[in-house]
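Sharing a structure, written as C-alpha cells. Questions coming.
Order of writing sets the labels: A, B, C, D and E. Residues in every chain begin at 1.
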Amino acid sequence: MGDYKFARDKLADVLTSLKEYQVFAPAAVGDVLRFKEVTDPANVSLDYDNTTVPPKELMFPQTETLFKYRLGSTEVEPSVPDASKKRMVFGIRPCDAHAYSIVDNLYGWDFADPYYQKRREGTTLVGLACAEPCANCFCPSVGGGPASEKGLDALMFDLGDAYYVNSLTDKGEEFAKAAGLEAAGDADAKAAAKQGEDALKKVARSIDTAGIPEKLPSLYDHPFWEQFSDRCLGCGICTFLCPTCHCFDIQDEAEAFDARRARMWDTCMFSEYSLHTSGHNPRPTRKERTRNRISHKYSYFPEKFDVIACVGCGRCINHCPVNIDILDILDKSKQAEAKEAKTA
Amino acid sequence: MSEEFEPNIVAFLCNWCSYAGADLAGTSRMRYLPNVKIIRVMCSGRVNPLFLLNALQQGADGVLISGCHPGDCHYLEGNFYARRRFMLMRKLLEHVGVDPGRVNMSWVSASEGAKFADVVEETVAKAKEAGPMDQFRRRQINW
Amino acid sequence: MVDEKKLQEKARETLIRDDVRRLIGWKRGTYGFEAAPAVVTDASQAEQLIFDATCVANPASFIAIEEKKPVPRGAEPDTRKVAVMVKGCDSRAVVQQLVEKAYAREDVVVLGIPCLGVVDRRKAEKLFGQTGAQVSAKVDKEKVALDIGGDVKTVDRSNILMDKCLRCRYPNPLVSDFLLGEEVEKWADDDFADVDEFEKMSPEDKWKHWDEQFSKCIRCYSCRNVCPMCYCVECVVSKLRPQWTRRSTDISENTVYHVQRAWHLAGRCIECMECQRVCPVDIPIMTLNRKMTRDVKEMFEYEPGVDVEAEPMLACYNPQDPEEYIM
Amino acid sequence: MMDESNPYLPYIVNIEDARYETPGDRAIKTFRVTFADDKVWDTWSHSPGNCAMVGRLGVGEAMFCISSSPTEEGYLRFSIMKMGKVTRALHELETGDTMTVRGPLGNSFPMEEWEGKNIVTVGGGIGQAPLRPVINYVRANRDKYGELQVIYGSRTSEDLCFQDELGEFMTESGTSCHLSVDVEEEKWPHFVGFVPNLLMEVSPSPENAIAVTCGPPIMIKFVTQNLLKLGFAPEQIYTTLEERMKCGIGKCGRCNVGHLYVCKDGPVFSYETLKKIPEAFA
Amino acid sequence: MVESYRPKIGVYVCDCGINIASVIDVPAVVEFASKLPGVAVSREYTYMCSDPGQNLIKEDIANEKLNRVIVASCSPRMHEPTFRKAIREAGLNPYFLEMANIREQVSWVTVDHAEATEKAKKLVEAAVAKALLLEALEEKEVDVIPSCLIIGAGIAGIQAALDIADAGFKVYLVEKTPSVGGHMAQLDKTFPTLDCSACILTPKMVDVANHPNIELMTYSQLEEISGYVGNFKAKIRKKARYVDFDKCTGCGVCAENCRLAGRIPSEFDELIGNRGAIYLPFPQAVPAKYTIDPERCLQLSKGKCGKEGPACVAACGPGAINFEQEDEMVEIEIGTVIVATGFDVFPMEKKPEYGWAENDNVITGLEFERLVSSSGPTGGKPVLGRDKKGEGGYLPEKVAFIHCVGSRDKSVGNEYCSRVCCMYLAKQAHLIRDKLPEAEITVFYMDMRAFGKGFEEFYDRVRREGVRYVRGNPSEIYRKGDDHTVVVKVEDTLTGTPMEYEADMVVLGVGLEPRKDIREIIDLFKLSQSTDGFFLEAHPKLRPVDTASDGVFLAGCCQGPKDIPDTVAQAKAAASSALILMAYGKVKVEAMVSVVSPDECRGCGFCVEVCPFGAIELVEENRMGNIVQVAFVNEALCKGCGSCAAACLSGAIQPRSFKDEQILPQIAVLGVKP
C-alpha cells in the first residue's frame, strides 16, 4: 500500500499523535528489554536488537483471567478483552509479528479463543525491519526474514536520519493517517529494499528444513535426543521466551471470597505438564520432553497447520543456559539414522 | 494513617509453654489488644518459616512466634531449631525490604501470662510502626 | 592450567571403567562465551571434552537433577557410578550433595580441576558484543586471552571473570579422586562488601529494588533447576496440595517464589552463582543468597559445602545461638 | 452446543443423583446431572465417546467421558474416580449440589459407520465408563446393530461399575455379557482372571465386528494384541486415550500424542491410527 | 455403602455462663459461623462442657450426620479431652474435633466487646478452615513386655533391680565389670553415719545374684538396642571369662598359682593394690567367679605360659578354666530400660599442677578409700611409699585435703559441684584422725556445703576433732627436697595470706564426671546430655528420672552427681516408673505422629537429624524400579512435635493434624484483614 516516512527526531511526535491507540514499544526494565505501554514517548528508542521476552505477552499474557466469580455463587463474569479498544505494537521485529500469524492458526482452529483473538483484532502491528541481524537469527530458514512483512500492518526501515514506513494493510494505512506521516520517495523505498537485501545476507545461521517434519517422527526412539536432553535443565526459558510457544495451564484462584479462573503460561519442559494424577507420566524424562518440544515445532504443528512453529528469532539459543541449540538439534536430526519407531 | 491503622498479626504459639501462658493471661483477666490471632502448634519447632512468609503475603502486618524458653522445650530441642530458623528468615525478609519489626519472636513460659500480654502490646506497637504490610500482599493484581 | 589432552585421556580411562555410567564435563558450545556442559557415556566421546575459562557451568548440578527412567519389571536399575569434573566452586556442590545424602561418596568419581577463574558471558558481551563464533579462553594470574573465532583479545581478568571468581576462596577442589593439573594458590577473598553495601539501603529502597527485579521474573524456574542443591522430587513452589505459591505471575507470587527459594538455600548455597548466570531477565538472585551465606557464617559460624561430615545448618543448633530480637 | 463465543465458560449443572459405584480410596461415584438452564438442552447434542470438562468452581476442572448415551434423554452421567484435587472435590458433592460442565468435547465413536455390525466392548474397571454410552446406544437402536457382546472385568466384584445394568444385559436378546474378576472370590459364578484372558475365553468372531476397548493402558495393550490374534483388523479395533488436559479444546497443548490432541482429535482412536503414533503407547 | 466425603461441620459456641456471653455477642458468632463453607449446624449453649451440652453435640452427630465438630469455648488445654471423648461416644473419630479458644484468649482479655466479637468470629472461621481438612487418626495401644533391662550394677542398678524383681517382674541386670557393686563397693565408710560401705552393700549384692527374677549378666555389655517403649530388643555381649561359670567354685587356688599373681595393678584397688592375671576383683565380689584378664594372661596374650603350661589349669580342681571360651551374644526382649551407668572420678591428668602423677603421696579420694579400707591392699593402714612388693613405707604426719578438685572449675570444663566431695573429705579427715591421732590435718576448701541430713553436724564434729579448715584453693602442689614432703601452694582467702603448706600426704577431693564411655549409651538410646555432660532428664523438675525416649529411665550418678541416699531414692523412683508401664501392661502411643509421603521424600535426612526422639530413619524405597532412600517414621517413638516438618524442604513429612495443608488455611483466614 502506501509509502511513508518520518524524520528520526520526530519519533516522539509520531507516538504522541497516536492518541486513540494504546501503544506498546520496547522499553528497558533494568538491563532487559520488554514491550511496555508507552507512557512517555520521549524515552522510546527503536535502537535495539530484540526484546528478551517476546511481545507474544501482548496477545497472550503470562497470566490472564478467564472469568471471575464469587465463591459459593454460580454466576461467572467473563473478562474477555474489548476488541474495539485500539492497541498498537510499535517497533515489533518481523520475526515476532510472523509468530502471531503462526499462532493465529492454533487459536483460530476449531473453537476460537476469544481472549487471544479479540486482542489480535484490536491491535495494529507496526514492524521494524532488522538492519543488523543478531548472531543466532535464522528467520529466512523458516519463511521469515529481517524485512519480512508476514503478520504486519506496516513495516518501518531505519534509514539513519529517517524512518521509511511501508503500510501493508488498512490498519497500516490508518496508522499512517493517525500519525500524519509524510509520503516517501522512491529513493527511500530503494534504500529500504537495499537494506532488506543486505540484512538478509548478514543472517549468519540457517537450516534447510526440507524433510524435517516428515523425518522427526521416525526418530522417536533415537538415542540422539539424549545428547541434548542429558544436559537439559528442564527450565522454561526456551518455551517462555519463544514467540510461538502457546501452551498454558488453567487454575482457580481465590482471595477470601472473590475468585477467578485464570490461565498462565505453561511449558512442556516441566514434568508436571504431562503428569497424570495417577502418577504415570507419558513423558517421564527430559528426553521425551525435549523431543516433544522440537517435534511439536517442526513436525506436529506443521502436520496440523502446515507451517513450522518457529520463526528463527534465536531466543531459545541465546538464552539457553546449557547451549541446547535448536539448529544443532535439527542438524543432528538430519544426520541421524532413521529407525523404525517401535510401537505397542 | 497510622493512628487509625490497626495491624493484623498472626501468632504461632507452642502448646506447652506459650499457649498455656496466653491462657494464663486470660485466667488472670489481663487485658491486651485483640490484633493478635493465635494459631496453636505443638512446638515452636513445628513452625515452618514459610508460614510467616505466607502470613505476610495473605495480608498480615506482622507475625509472632512464641515458644518455651531455651532448654525448657517440651520436646527438648524444638525451640532451638526455631530460634535459628526465624533469626535467619527475619534477616532475609529485612534484606528484601520488609520491616524487621513485622517478625517477632518470644519465649513465654506457661507461668508468664503477664509477659505474654506485654509481648502482644509490643508486637502490635512494632507493626503499627511499620505500617500496613502491602509490599507483596496478595491483591487482585490485573484481575 | 589444565592440559586438555591429559583431561581427555583421564576421561577416556574413566569412561572405559565398567563401573562408570556417564561422565559430566564441558565441551565447546555451538557459539559464544560459554562452553556447554557435556554428559558423555562413551569413551569415543571423550575428545569432545575441554576445560578452559569458558567452562562456567557447574557439572555437579547434573548429577542431582538426572531423572531416572522407570525400570521395567524384572530389569535391574543401573547403579553404576557417575563421573564428574569439578572446579573448586563446583566441588562444594558435590560436598553439600554428599552432606544431604543425594548419593553416596562411592557413587561418584570426582575429577577435580584447579581453576583460575571463568569468564562472565555478560561482561564479555558488554566488551565485545554478542558473537556467533566459538570462543575459547585462557586465563593466567593477570589476564584472560579470548580467542573469538580466530581473533584474539586480551583482557585484565578482573574485568571479565565472574564475580564469584573475583572473590574465590576455593580455587582448588575440596573433594576429588583425581586432580587434573596442579593446585593453584588462592588469589582472592570474600569480604561480603556487596552485602554490607546493599544493607545500607533503607527498607523502602530495598523494596523498590526488589519490586522492579521480581516483577521481571517470568518464573521459568531456571534458577531453581540449575541449582545443584535443588532436586526435591516435588518442589514446594509447584506443589498443589497444599499450594504455597500460585502459578500466576505477579509481584506477590514472584516475591514469595524468590524468598522461598533463597530461604530453602539458606546454609546450603555453595555460591556457584549458576542461578544468577542462567536468569534470562537478569535478576540479581545472588544478592539474596549471599545475604544468607554471610549471616549464616557470622551468626552460626557455618559454611556449607566444605565439610562432608558437617550437619546441615538448619538441622543443628548451638545453645548459644544469637537471639537479640527475641522478647 | 457450548457457548461458541467463549469455550472457556462452563455450564452450571444440578446434581439430580449422586451414588457410589465402588468403594475405597479410589472410589467411583456416578453423578446424574441436568443443566441449571433448561434452554441449554435445545442446543446440546453429544454422541457416545464425547467428553466434557467437569469441575467445581474454586477448585478446577478435569476431563471425563460422558458415560450416558444420547438416547438417555434429559440428563448426563459422569462416573468419576477419586484421584486428585479436582476429583476429591467432586466426590464431596451430593444430590442437590451444583457443578460445572464444558462440552461436549472431542470426537466420538462412529456409530453410524458401525450400523449393521456386531459390537464387542472390552472394558476394565473405570474403563467401562466410555463404553457404557456405546452399549446403551446400541441397546436403544437394537435393530440397527448386530450382536452386542459386553466383556467386562475388574479387580474384585466390588469394583465392577454399573452393576445394576450388567444383570439386564445377560437377559436381553442379542446381547451377551461376560464378567471377570482378577482374583478368586466366594460365590463368584463368572470367569476369574485378567480381562485379556477373558477376551480369549469368549473369543468373539472378527466377522463383521467392531471391538471397542477401554481400561488401564496396560490392559488396552494386551487386549489389542489379543484382538489382533483373534483376527480383528487394526481398523476394526477402537479405543479411547487419556492424557492430562486443561483446556479441552486443543489449545493448551499438554494432551498431544504425536500431532494429535487427545482432547480434540480424540479421545476415540482406531488402532489403525494409533499404531502409527509411538507416543500413543507411552 | 460409602460414607460421604462432604464435610458436615457442627459449630457450637459456648456462653460459659457469662464468661463469654457477657463480652462476645454469641448469637452474632453463631449466625456468622452458620454461613461458613461446610457448616451444617451452628448453635449456642450456656455450658457446652456440661452433659446436656455434650449431648447436644452427640444428637447432632446422630441426626445431622455431622463429620466435623467445632467447639468455640474455653482453651483446648481445658476441655479438648472432654469433647474428644464426647464425639468418640457419638461414633465419630475424636480427631474430627477442632476448638476455638474464645474465653481465655478473647472474652477474658479483650476490653472492647465489638472487637472481641470480631476476633471470636475470626477464630471460629479459622477453626472451620482447618476442620475442613481434618483427618481421622487412630489411637494405638501397644503391649508392654513385662521385663526390664538395667544397665550398670552399682548401688543404683542393684536397688532398682531388687525393687522390680520383688514386684514380680523379670530383670536383666547387665554389668560391664566382673562383679556387681560399682563404686560403692570400693568405699570404706560412708558419710555421715560412718557405717561400713561393704557391710550395707554386700547383702544386696548377694540378693541380686540369687533373686529368681533377676538374670545377672556380669562382665557383659549392651551392644545393640532397637524397638520402642514396651517392646525393646537388646543384644548383649557376655565377654569370655575363660573360666567355666558353672564349674568355678571361687576357691581361688588358680589365682594363688598364677605366674603373675600380685604383679598386675588392681583396678578395684585403684591400682595401688595388685592382682593376678586370673582374679576376683575383690574378696566379696559377686558372683564369686574368677575371670582371666586376656590382655595380661601369658597363655592368652603370648600363647604360652611357663614350660609346663598354665599353672592355674593344673591347680583348678573342677577344671573350670577354658582358654577356648568365646564371647557369647544374648538377645533379650524387654519392655523397659533403666540406665544406671554411674560416673568416673575426675581424671587427674587434667590437673597436672597438682602433681598427682609424680608423687605417690598425692592421692585421690578414691585411692584413699582403698588405702584405709580394711579389705584394701594395706589392710586399712594409711601407709605410703611402699615398694614394689608392698613392703616398707611410712605413716603420714601432716595430711592435707583439697576440695573441689575438678569440680566448680571452668579451667577443666566442669562448672558444676560434685555434691559429695565436701562430705567424703570430712569423713576421710575423720578417718585419718581416727587412725593417726597425732597427725596434723588441714583441709583446703572453697566453700563448705553440708546441706544433707546430718551433714552439718558431722562437719562440726570433724572440726571439733581438731581438723583445721583453711579457705583457699591451691594453685600448685610440688615436691620439696628429696624426702616425701610436698608443698601445697595456696592463699588463705579469709586472711588473704599466701602460704606454702608442707605435707607428707595430700588427698585430692576429686569430683565426679560423666563416664568416658557415656557416648556408647547415648548412641544406643539417642539420649541427650545436659551441659554438664551427664544424661539429660525429660524435665528437670517434674520428670527427673524419665528421658526423652519413652520407657528409658535414669538412676544414680549417670544423671548427675549424687550421694548414696539420693542415688537409692532415684533408683527406687526409676524402678517405680518402669513398674507403672509393666504393671499396667499397655502403653498409649501418640496418635498425632508424623507421616511421610515417600514419593515426595528426597532422602536428605534433615528430619532424621532434627528429630529429638530418634523416631525417623532412612529406609530403601523402590521408586519405579529405582532404589532410593526415604524417611520412615517409627510411630511408637514419634511424639508429634513436628520439627521434622519445618526442616523438610519439600513438605514430604507432616505431623498428623498439624499438616501444612491444615495450617495454611488457618493462616489464610487470620491473615486477611477483618
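FYI, a contact is a pair of C-beta atoms (placed from the backbone, for glycine too) under 8 Å apart; a residue touches a chain by one contact, two chains touch by 3 or more.
Keep in mind it's a predicted model, so treat the numbers as computed, not measured.
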Seminar exercise, completed: Between B-C and D-E, more C-beta pairs in contact link B-C
Problem set entry | Chain of greatest Cα-centre distance to subunit E | A
For this session: Just give me the whole-number Å value for how far the CA centre of subunit A lies from that of subunit E.
Result: 70
Problem set entry | Chain centre separation in whole Å, for subunit D relative to subunit A (CA means) | 39
Problem set entry | Length of the line joining the C-alpha centres of subunit C and subunit E, rounded to whole Å | 46
Exercise. Centre to centre, by mean C-alpha position, how many angstrom separate subunit B and subunit E?
Worked result: 35
Seminar exercise, completed: subunit C residues touching 2+ other chains are 70, 236, 241, 244, 250, 314-315, 319
Seminar exercise, completed: Residues of subunit B that touch at least two other chains are 49, 54, 57, 77, 81, 85, 138-139, 142
Problem set entry | Per-residue multi-chain contacts in subunit A, two or more chains | 63, 71, 249, 251, 255
For this session: Over in the complex, which subunit D residues touch subunit E? Could you list them?
Result: 20, 23, 27, 29, 82, 88, 91-94
Seminar exercise, completed: Listed in rising order, subunit C residues that touch subunit E in their complex are 68, 70-73, 75, 77, 79, 100-102, 231-236, 239, 241-242, 244, 264, 311-312, 314-316, 319
Exercise. Which residues of subunit B touch subunit C in their complex?
Worked result: 49-50, 53-54, 57, 70-71, 77, 80-81, 83-85, 87-100, 104-107, 115, 118-119, 122, 135-139, 141-142
Exercise. Which subunit A residues qualify as touching subunit C in the complex?
Worked result: 29-32, 34, 52-53, 62-63, 134-136, 204-205, 230-231, 233-237, 240-241, 249, 251, 253, 262, 264-265, 267, 270-272, 284-286, 317-319, 321-323, 325, 327-328
Problem set entry | Complex contact set, residues of subunit E against subunit C | 531, 599-606, 609-610, 618, 623-627, 629, 647, 649-652, 659-661, 664
